[in-house]
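You will see chain A twice below: alongside chain B first, and alongside chain C after that.
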Partner chain A sequence: MALLEIKELTVNYYTLTGVVNAVDKVSLNVEKGEWISVVGESGSGKSTMAYAIIGLVPPPGRIAGGQILLEGRELTSLPPKEMRMVRGRDIGMVFQDPMTSLDPLRRIGHQVAEVLVEHGVAEWDDALEKAKEMLRRVGIPEDRADYYPHQLSGGQRQRVAIAIAMVLRPKLLIADEPTTALDVIVQDTIMDLMEEFKKEGTSIMLITHDLALASERSDRIAVMYAGRLVELGPVDDVVEGSAHPYTQMLLRSVPDLWGPKDIKSIPGFPPDLRNPPSGCRFHPRCPYATSKCSREDPPMVRVGPLHYAACHYAGKLGEEGGG
Partner chain B sequence: MPLLEVRDLKKYFPVERSLLDRLLSRERRYVKAVDGISFTLDKGEVLALIGESGCGKTTTGRVVLRLLEPTAGKVYFDGIDVTGLSDEEMRRLRRRMQMIFQDPYASLNPKMRIGRALEHPLLIHGLATKKEAREEALRLLERVGLTPAEEFYHRYPHQLSGGQRQRVAIARAMITRPDFVVADEPVSMIDVSMRASILDLLQDFRREYGLSMLFITHDIAVGRVIADRIAVMYLGKIVEVGPVEEVINNPAHPYTLALIEAVPSIKRRRRKEKKRIVVGGEVPNPINPPSGCRFHPRCPYATKICSQEEPRLRRVGPNHYVSCHHPLKQES
Partner chain C sequence: MARGLGYYIAVRALMIIPTILVLYTIVFILLRMLPGDPILAVAGTKNIPPEQYEELRRLAGLDKHPVVQYFDYLWGMLHGDFGVTLATPRGTPVSRYIWQRFPATLELTIFSFAISVLLGLATGTVAALRRGGMVDAGMRVYSIVAYTLFIPWFGMILQYIFGLQLAWLPTSGRLDPGLTVDRVTGLYVLDSLITRNWDVLKSALAHLVLPSITLGIVLSGAYTRLVRNNMVDVLGQDFIRAYQARGVRGWKVAWYALKNAFIPVVTLMGLQFAILLGGAVLTETTFSWPGMGTFIVDRIEYRDYTSIQGAVVFFALFVGLISLIVDIVYALLDPRVKY
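Moving on to the complex of A and B:
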């Protein structure tokens, strides 16, 4: 059984100017011990999906359909109190801005220890010792347990956020753009740290706009566009033999240090999700689009043993992928 | 003669003193944002200034255009000593030296229609009549792909997407036909799928106007797409400068190598490879930078001399210079 099963998840934001269909019938599994990266641009629904998993879709958003099962247990219908216990114990989460999860007025050691106390795992004295151990584990010297967040660099704060997310050893760590605000060398060390937790058995879900970052560490990549999952598969399949035109064009649009210099933008703009295009949501920007694409939603079709794409012409578009 | 020459440029920012510091008459301290850098830029050339946050790259761009006054050093533009010009003389020179900012949401006046924002530089420099300015604004809008131009001419910035605003910012910088532009992270706030078109646009203007550009970025892969040469900055100093492909393929400074190694790549996925260099820690405080070579506390190759003597820029290949006591590459 998969660790996490997302089935036909739909999340809408009910705004004054209309209903924004941010996530549309997305189905996705996270296997035990795997690193899966969800890649997409702003507005693709990748972050909203992550918030839905931990039961924290911000208002005016709401899960409008589908199921989220953690080891078979339905999360979307859990009462808030029980969901609070799932967060931290079963699922840990880190955000782009570590100050989202850090309290600026409290010492970092206390903040890590609090998670243990809140979940009834330890008493304060014991919890503080365990917190120091956890801080050391993420690369913060234990004499800094008395520091306040502002005394740390951005990279160190993100390490503390990871310590808070991981101190109860959850089965799944969801990281939403955890390194977007950090410099590349620091980013690399944060990724190393996440990889260490993966080696110890934690499943990782990395949410990122950076296809290259995803391609280096993941087992599988899920590509989202305009609220829908458009491609899913093992890293090599997705980046070297991408089957969806959006993935193919995205690959050609990003400058790669070791790739060709003549990069090409994807023409047009992502759609307004208050009024998404009919059929395939990528069809207005797709060079291969036919009338079928604007009429019918493309189903997720299998193009390789573990490789899927939501395109009417998946696997029939020739060897254009991967640049 | 190069179009732009920067000589031993410094920019220090005073650190606010606390009451206690003042009572004890403690010495004022400075953030040495830019601490003695020199480089040249030829006509039609693009130099990418690369570095992590706090390295001084943005300050360099601003001092070169004299949006900030330098603490010391000289900037020569087309033979003119820019640092010695009066405000009035500087204003006249601005027509030829322009800037494109990172945040297209902050760089356009929200109350000014796009058309007027574009005409503005032409009118204040007295380069065109109202009618000519309007025609030129429409031509530029067309040129940067904001069509129908008539429609965009009458719009306000809030009616445009980030990518469209950045096109307006580029059009505004180009409308006076400058010889030189500083582009400070012009694509870092643009969605990935649309970055290439902004870079293409800058390339087109470069070809058309023979434009020289100082392209400031934290992303070495973006710099590679547009630049002829790369200069790598660390804590207020240029540590390496050279032709793009040479610096990327044969970096001479350990810091450059560390930077390149950390950049994720689809083409060279290193999941199972061993890292070529491991550097510890993070960038130190620029108020009190390390002695000698500023990178020495993090450098795996550092020896005694590195903490004692500041390395001079030395040649390691054609047009390729490094400031390191133990460069990874020697002149062959």
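Moving on to the complex of A and C:
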């Protein structure tokens, strides 16, 4: 059984100007011990999906359909008290900007220890000792447990955020653009740290807009576009033999030091999800689009042993597969 | 951080010296720019004997050169000497009045201050949690109305309803007639607690209700807006969602949000305190409260300008002290403050 099963998940934002369909019938599994990266532009619904998993879709958003199963347990219908215990204990989360994701008024040791106290794992004295251990584990000298967030660098703060997320050794770590606010060298050390936890058995879900970053360490990649999952498969299959035109164009828009010099951006803009395009949501920007694409929703079709794509012509556009 | 809180407090304490000097200088110059002869004003007639005129000038310290006056008064102030009264009873040290009257004002301001902050925090937090809705709009109206209320008018309405119609609460003074309390601090609530005089405590609290609610509500308006806006800001920050994402209980998250939203409020407290003293003058006259405010108003009627100078300079000293306390509280609350 997969660790996490997302089935037909739909999330809408009920705004004054209309219903924004941010996530549309997305189905996705996270296996035990795997690193899966969810890639997409801003507005693709990847972060909303992450918030839906931990039951914290910000208002006016709501899960409008589907199921989220953690080891077979349905999360979307869980009472708030039980859902609170899932957060932090079963699922840890790291946010984009470590400048703002830590409370500026509290010592970092306390912020780590609080997770243990709030989940009834330890009393404060004991929890503070364990927090120091955890800080050392992520590379923060334990005498810094008394530091406030502003006394640490961005990279160190993100380490603290990871310590907080991992202190109860959750089965799943969701990292929402954890390195976007950091420089490239620090970015790599944070990724190393996450990989260490993966080796200890934690599944990682990395949410990122950066396909290059995603392809470095992931086992699988899920590509989202305009609220839908468009391609899913092992890293090599998706990067070397992408089956969806969006993924192909995304790959060509990534600058590569050793690759061809012609970077092509994707023409057009992501659609307004209050009124998404009919059929395939990518068809207005797709160079291969036919009339069928604007009429029918493309199903997820299998293009390799573990490789799927939501395109009517998946696997038939092979030549254009970039890399 | 390295230098510690003691160093920070020492620096802040030194910094209030220039503040007080500036305030003193302004008061000193303003009083001497007033049109007319203060001696004739206090005497109430132009036909006073020259020897009496000279006597009054000497008492007021006006016989010396203004520069000498400036430093004489400053020197006296450092020793607790704020001059003497010119009007009846002539020649009484102003400091004696301050000693008698100031605790009454302090007691009123402490209660009003507490009420305004608590009301502001409550209304602002509620508005932030229900932002965009009717409650938020209602709180916005509350803050504007409260802020623009004219104290004597509002105070009289409360006196009419709760003092006359319902007859629940006294409308003037600090204690029921016939009651006295041994002075320890001059704050009746505190003194009656210390001396375990429960009748006085009850009476003192009852007398405090209307004036401190009047002043407290008027001053709460500014807090409502500030707390509301800060709370909205803080609640939108990542660390609040990060707290939720690690399973911290809702009420604790709300507490951390409030703590963060409270920091700018502390700054406002310092500024509000000066306004509070101004409001206290109006409140005291409305409720016949025997504090510094009624003292100043009385002395203005006598044109007793040495008393006015003494009282105003003392207020300036007090505001300086409060701003020092606010700075210290700020540093204790926010670890990001640089020492």
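Here is the rule we use: the second predicted complex is superposed on the first by the 319 of 323 C-alpha atoms of A that agree within 3 Å, B and C clash if a C-alpha of one lies under 4 Å from a C-alpha of the other, contacts with A are read in each partner's own complex, and residues count from 1 in each chain.
Here, contacts are C-beta pairs under 8 Å (C-beta built on N, C-alpha and C of every residue); 3 or more make two chains touch, one makes a residue touch a chain.
Everything numeric here is computed off the predicted structure, so don't read it as measured data.
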Superposition on chain A - do chain B and chain C clash or fit: fit
First, second, both or neither for A:V239, with chain B first and chain C second: first
Superposed arrangement, angle subtended at the Cα centre of chain A by chain B and chain C, nearest 10 degrees: 70
Which of chain B and chain C A:A131 touches, first, second, both or neither: neither
First (chain B), second (chain C), both or neither touched by A:R89: second
Partner chain(s) touched by A:A165 [first = chain B, second = chain C, both, neither]: second
Touched partner set for A:S265, first chain B, second chain C, both or neither: first
First, second, both or neither for A:I54, with chain B first and chain C second: second
Partner chain in contact with A:V184 - chain B first, chain C second, else both or neither: first
Which of chain B and chain C A:P104 touches, first, second, both or neither: second
Which superposed partner A:Y148 touches (first chain B, second chain C, both, neither): second
Overlay on shared chain A, then closest C-alpha pair between chain B and chain C (Å): 6
Set intersection of chain A contacts, chain C complex versus chain B complex: none
Chain A to chain C touching residues, read off their complex: 54, 56, 58, 84-89, 92-93, 95-97, 100-106, 114-115, 118-119, 148, 150-151, 161, 164-165
Footprint of chain A on chain C - complex, ascending: 1, 237-239, 241-249, 252, 256, 259-260, 263, 333-336
Parts of chain B lying in touch with chain A, wherever the complex brings them together: 52-53, 161, 163, 191-197, 199-200, 218-222, 224-225, 248, 258-271, 279, 282-283
Residues of chain A that touch chain B when the two form their complex: 41-42, 153, 155-156, 183-188, 209-213, 215-217, 235, 239, 249-251, 253-259, 261, 263-266, 269-270
